[in-house]
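Shared chain: subunit A. Partners: subunit B in the first complex, subunit C in the second.
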Partner chain A sequence: MINMAGPFERFRGEFPRQPLNARRVASALEAPGCQRRTVLDAAAVDLDKLGSLISGTPRDRQSPFAITRGIQFEQQVVDNGMAEIVSLARRHLGLEIPEVRQRDLSASALREAYPGVTGAQMNELRARLTRQRLEEMLTDPAGAYNLIRHAMTRLDFGGETVYLEQDVLAFAVDGRIYVVEIKSFPRIDGRADPTKASATVRQTAVYVLSLQRLAAQIGAPPDVVYTTTMIVLPVNLSFRPTAVTVDIDMYVRRLRRQLALVPQAAEILDVVPVGTRLPAHPANGAGADEIAAAAMAARGALAPLPPRFTDGCVSCPLFQHCRDEAELHHSTARLGSAVAGACGSVTDITVALDLADSRRAPVTASEAAVASILARGAAAARLAVGGLA
Partner chain B sequence: MNALHTYQALVAAAERRAVAKTTRCHVHLSARPLVLVGYHLAGDPGALLALMWGTTREEEPRCIVVPEPRNRDLRFDALAAFATEFLAYLSEFEHRDEAGMCLDAPQLVVPNAATADWLGGIVGRFTRNLRADGDGPVPPSVPLAGKHLSFFGGFMPGSSLVLVATDALTAHWQTGQLPSEDLNLAALLGWIDPPVGMDGPEAARDGEASPPAGPDSDPNWDADVLAGLIQEWHAADSEASQAAIRRELEDEIREQLSPAWVDCWRALDRLNSLPAANHLSSRWQSDRRVWSNHCRRIAEGRAYFRNIPTPVQDATSLRVLEARTEGLQREMAWDDPLVMAAVVASGEALAGRVIAVDPDRRTRNVNGRAVRRPLITIEPTLEFTRPTGTTLFLSTNPGIALEVLPSDASGLIQAEVLTGANVSTTIGRLPSLGDEVVLSPYGTPEFYQRSNVEDIPWTHQQNFEDDSQESQ
Partner chain C sequence: MESAHELIEVVTALRRANDALVEATTSGDVAEATRLLQDISVLERRRNRLVRRSSPDIAPATSSYESSIPLRDQVIRALQLTGRPCSARLVSDVTKSRWAERVDTAKLSYLRRDEARSWRKSQELAGRLARDVYVVPGLTYDRFTPVRGTVALSTWPTSLRLIAPLSPRVDMLHSTIALANEAQSVAGTNYEALVLRLVARLGATIPGVKPFSAEPRAVIEAARSELKEIEETDELERSEAAERAQAQLDAEALLFGTQIRTFMSPAVGGLR
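After this line comes the complex of A and B, so read on.
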């Protein structure tokens, strides 16, 4: 079976697979240009498991308190027939929703109507139902559901089908579809944590793009799916919801471009030695030797995939591994984008210092330019030590 | 990035140890700081879980814990316990001199900027207006402490009322790791102050493994320890067993927060090892003035804080922020040859040796009058490429302003004195032949401050189409 599979499956081998979700697709936007990450994403490798196997430390879980709070807030917002969402949508999206006809397409809501459907089949079913509901929305606006919860859409990520669960789809009378995302981080005095807000925006862009593709499949123009989305957040420290509308058009376009590049990730694997693949993950209770051997094999499999180490890498599960590697190779990237940018084509710290202290003559024009900047820094350092007026 | 700092980062990575960016200490270090560390419940910054504080490192730090952080009453009980001691600490700094200025000001020391933001922006913000009467009253010390915390939340560059350990250390040392890794105090200290037998990266890795400095706790610890203890607390049927669980929680919290507490003191030690910069005392003087005014407002019941500043307030604070950032950079450069070297490396300042001085040179000004404009010729140590007409100031005497004249092919820089050393009484201030001088872009600031912002500048005009109803 493995012989039949594509290059990504061959690369992943027996290592655990983790179906991609919106967050992980969005993180492709966060790590642009990292070929290592792109290949691992396209191969749907379980990154947390890989990261903790290599570094030997268990990956941080999410705090149970944060999870509980998120669930509580979402519950509060959608209680009473999504009354809160409806009123926020009327106010913030300017929607006229004279009559609310809503539908929950979550797995738990469908289980009764479709007994025995589980796992991948359930995803498939939900995606099909979402498509039907969307078709109805566009053909018969007066009678169709106009508020859909937990809709499921599909997105193609380099040949891998990603299932995306949306919080809420709101449908306006004038034939537009809006995406509503519910988050539990607070908006304090009109401001939300910028890091979390931008992560949310990138994640919502994935939903919008997948819906636009679905609309196109149905035969509707993709812009029936509005890029102005509504994000529902708690006000200050309470559970009272408020909403902000954000136009995420820019992120949707960026994501579209990024996704178009993913299939080319297979080309990265073309130049990797034949037979390079991740090891099987050691079973629970495996001996230390077995784990060490697997970690070694995993490191070996990653080695031919070029990483792009930058400031944003701290949030990646493979951070520690890539950091060790950058350190081992004396890479200027280890010092962050600012230093790496200043060093330009000189990527080795030892070489950069040799240029700075003129122990080495620059060979190329770009090296000469870098050398002059670094030499200036070195001269300034000597100046200060020698005594500056 | 500044060429000097780039070079220093490379050196730090190669030598596996942080490199000094300054030769002086540019933050005021109080003789009696209040070191404060704490946690809130994950995902819920309003749910205070624990605070730990103290004023000397020898003492066992004081610690409060909230066995159920989501319970408002328990939270305020704990906050009241903190508030009492916090207010007692602050009251030590209320003695005034004849001019009405407090003799000294308090100093809060926190491990990282996130803790400072949390204490001022969340704990202070959401306790300062609580009522001590009416429905659900809170102890009166809580809103008072909230006002003080709000005051400490609004610090400006150059102020040492709140000392953020990571910020202070990164201003004084350059590590060989990512800037985002410098936000971890334990890792940062690993680079700056590695224990014997370890190099920087090793010690930093070691530091990363210790519990987080807050205000977010370790999610694994949340799941493995905290969740269980909170459940046990709920299940406990007697006050005695609840108290026992509370003690157990306190022990756990102490274990989690102690590394951050110790690291704050280590950070202070490192900063203390540097000689104090010259302009530090005037900056601390201004901190004392700000503190005195705040105390007066508190005493008169006028200490109000806006949740959302008005556009004029915003524009004013932006102006103050810019002026103070600039002022701090200027004073640091004057005080510290290494900071000035960075300015030279960036090309903004000119360093070199005086090879000719013509004190009696006269030129005609635009009105045709003859004016005395002494000329000095400098052989630059590092290439200087700023254009003709650039105004520079002598770093040792910033009152002397010079203008760069057109240069010839020799590579020498000629500059004429505009003010400060061009009349017979001041001519002696000119540098002499052979002196090593630095001409920097930092002149003595104008004495009269710029006028206040009165009308809303266009940058702060509000778009009234924005919905801002729910923010009220």
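After this line comes the complex of A and C, so read on.
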């Protein structure tokens, strides 16, 4: 099996695997150009486990109460023949009154019909049924379903198949397909938490992209899947749903570019020393020595993979590790994307400080430019601290 | 009129006892307070009896935890009210607002299994009488497999128990109409406000109904006009499916649905 495995599997070795989901694919957008993260994603490494192994602290989980609330809200919104979704889709997506033909493709709904189908087979079955439903939309729009609950699509992430579950697909008979995403964070006075909202938008972009690819496979123009998506949120602190439509075209394009770069991640592994691989995860109740040894080995395996430390990294399970590493290397990235951007090709904090204080003569033209900016900044800082006197 | 006289007496005694109770509690006389509490509860029961005897129309105060109606009967009663297949959630909402009782939706799947078992027994044993009505799952209109979390009554025509693409919406509209009618017929009782609230919640998703407007007649009208656009297609799809079902299925599958047997090999993905 080891012989058959690709470079990513070889790199992961015995470390636990975690199938990718939409959030994780979307994080390719949060950490653009991070080769370390790309390799770990393409190898489907369990990042939470890796992060907590290296940092030695268990990772924070989402509160079970928050999860329950999310499930309850979603349930309420799709109850009674998706009554709330029907009403919101009519208002925001322009669905006509008769466009309420609906079908539930949830795993739990299909289990009634297909007992004994589980796990990967269930995902495969759902992806297949979704494809059939999509084909109907394109060949027989009037007889097709307008609202599909929990559709499932596939996306290729560097050879790894990711299964994506859309909350609801809405289809207007005149040939428009929309992704509807249900979230339980509130929209208070017309505004939602920007961090959560942008995470939702990136996640939804993954759904849209995978659907566009599916449409293309069927032989339809990909733009039947609209990049305008409907996000359903509770109003204020109530449980009453409201919806906003967002055009996420920009994110879909960016995601497409990012995904095109993923196969090249294998080339990153080409330059990594032969035999570099993650250790096996220590078993439950393993001794402190064993855990320390595994953590050390994991750090060693990550070392040859170049990270790109930016502001988006906070949500990554490896954040602590990469930050400490950036600090150790005096990297300007440690000071945030804005500072790193201002310093341009000068990536070392010590060098930057020397340039600012004219302790070091700039060598190249770009270094000279950075030096002049930094010198001006340093002069301003001196004035601010010491005053004009 | 004698009972009216007695009622006044009891209420006066009750007031006196209550006053004494306040005094005993504030002065810290525990023994006296205990005695008075017992007296008061006896008097209250007498008062309630008298009130009911004088005007039987007054609904008795109910408390949900005293409910001893079996789950099966609760579900059947709710379905008879809505007249259409319902999600477990709607059954529980209806029961809560119309009868102030709780339905444990988690137990609904056990109920469905018990019903199927009981039906099978009644077929096997000749001497055993079949029940009048069984709680059965709604069935998909193409494959006749059970629809998750949807219940119906075995006495309904097959076409009503089959769920075609438009059926969830059509059934929801019909249930809303039934509930709006019920709200009108329980007008003036304790249940009116609760049923109205449910009607308003369902009705808010129908075009032409103002949010928070719980006017049953407006909701009925709006639901009817939406039904006008979709019901015909739904009836057609359902009755076609019902004909196929009658031709293909045995008596048990016609009530409790079929299951799709799958033989799959992951390599080929051979799935039917």
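For this structure, a couple of remarks:
Assume the second predicted complex is superposed on the first by the 374 of 389 C-alpha atoms of A that agree within 3 Å, B and C clash if a C-alpha of one lies under 4 Å from a C-alpha of the other, contacts with A are read in each partner's own complex, and residues count from 1 in each chain.
Rule of thumb we're sticking to: contacts are C-beta pairs under 8 Å (C-beta built on N, C-alpha and C of every residue); 3 or more make two chains touch, one makes a residue touch a chain.
All figures in this text were calculated on a predicted structure; none of them were measured in a lab.
Applying the stated clash criterion after superposition on subunit A shows that subunit B and subunit C can sit side by side.
When both complexes are overlaid on chain A, the residue A:V117 reaches subunit C alone and has no touch with subunit B. Measuring from the middle, so to speak, at the Cα centre of subunit A, the directions to subunit B and subunit C differ by 90 degrees in steps of 10. Subunit A is touched at more residues by one of its partners, and among subunit B and subunit C that partner is B. Of the two partner chains placed around the shared chain by superposition, subunit B is the only one that A:D311 touches, whereas subunit C remains out of contact.
With the two structures overlaid on their shared chain A, subunit B and subunit C come no closer than 9 Å at the level of C-alpha atoms. Once both structures are placed on chain A, no subunit A residue is touched by subunit B and, in the other complex, by subunit C.
On subunit A, the positions that touch subunit B within their shared complex are 57-58, 60-67, 69-70, 91-92, 184-186, 188-190, 235-237, 242, 311-314, 327, 330, 332, 334-336, 338-339, 341-343, 349-350, 352-353, 356, 373-374, 376-381, 383-384, 387-389. The residues of subunit C lying in touch with subunit A in their complex are 87, 89-90, 137, 140, 143, 145-148, 165-169, 171-172, 175, 202, 204-207, 226, 229-230, 233, 257, 259-260, 262, 264, 266, 269, 271. Those residues of subunit A that touch subunit C in the complex are listed here as 75, 79-84, 86-87, 90, 97-98, 100-104, 106, 108-109, 111-117, 120-121, 124-125, 128, 145. The part of subunit B that touches subunit A in the complex is made up of residues 1-11, 13-14, 23, 41-46, 121-122, 125-126, 176-181, 201, 209, 217-220, 222-223, 226-227, 307-308, 337-338, 340-342, 344-345, 351, 381-383, 395-396, 435-438, 467-468, 470-471.
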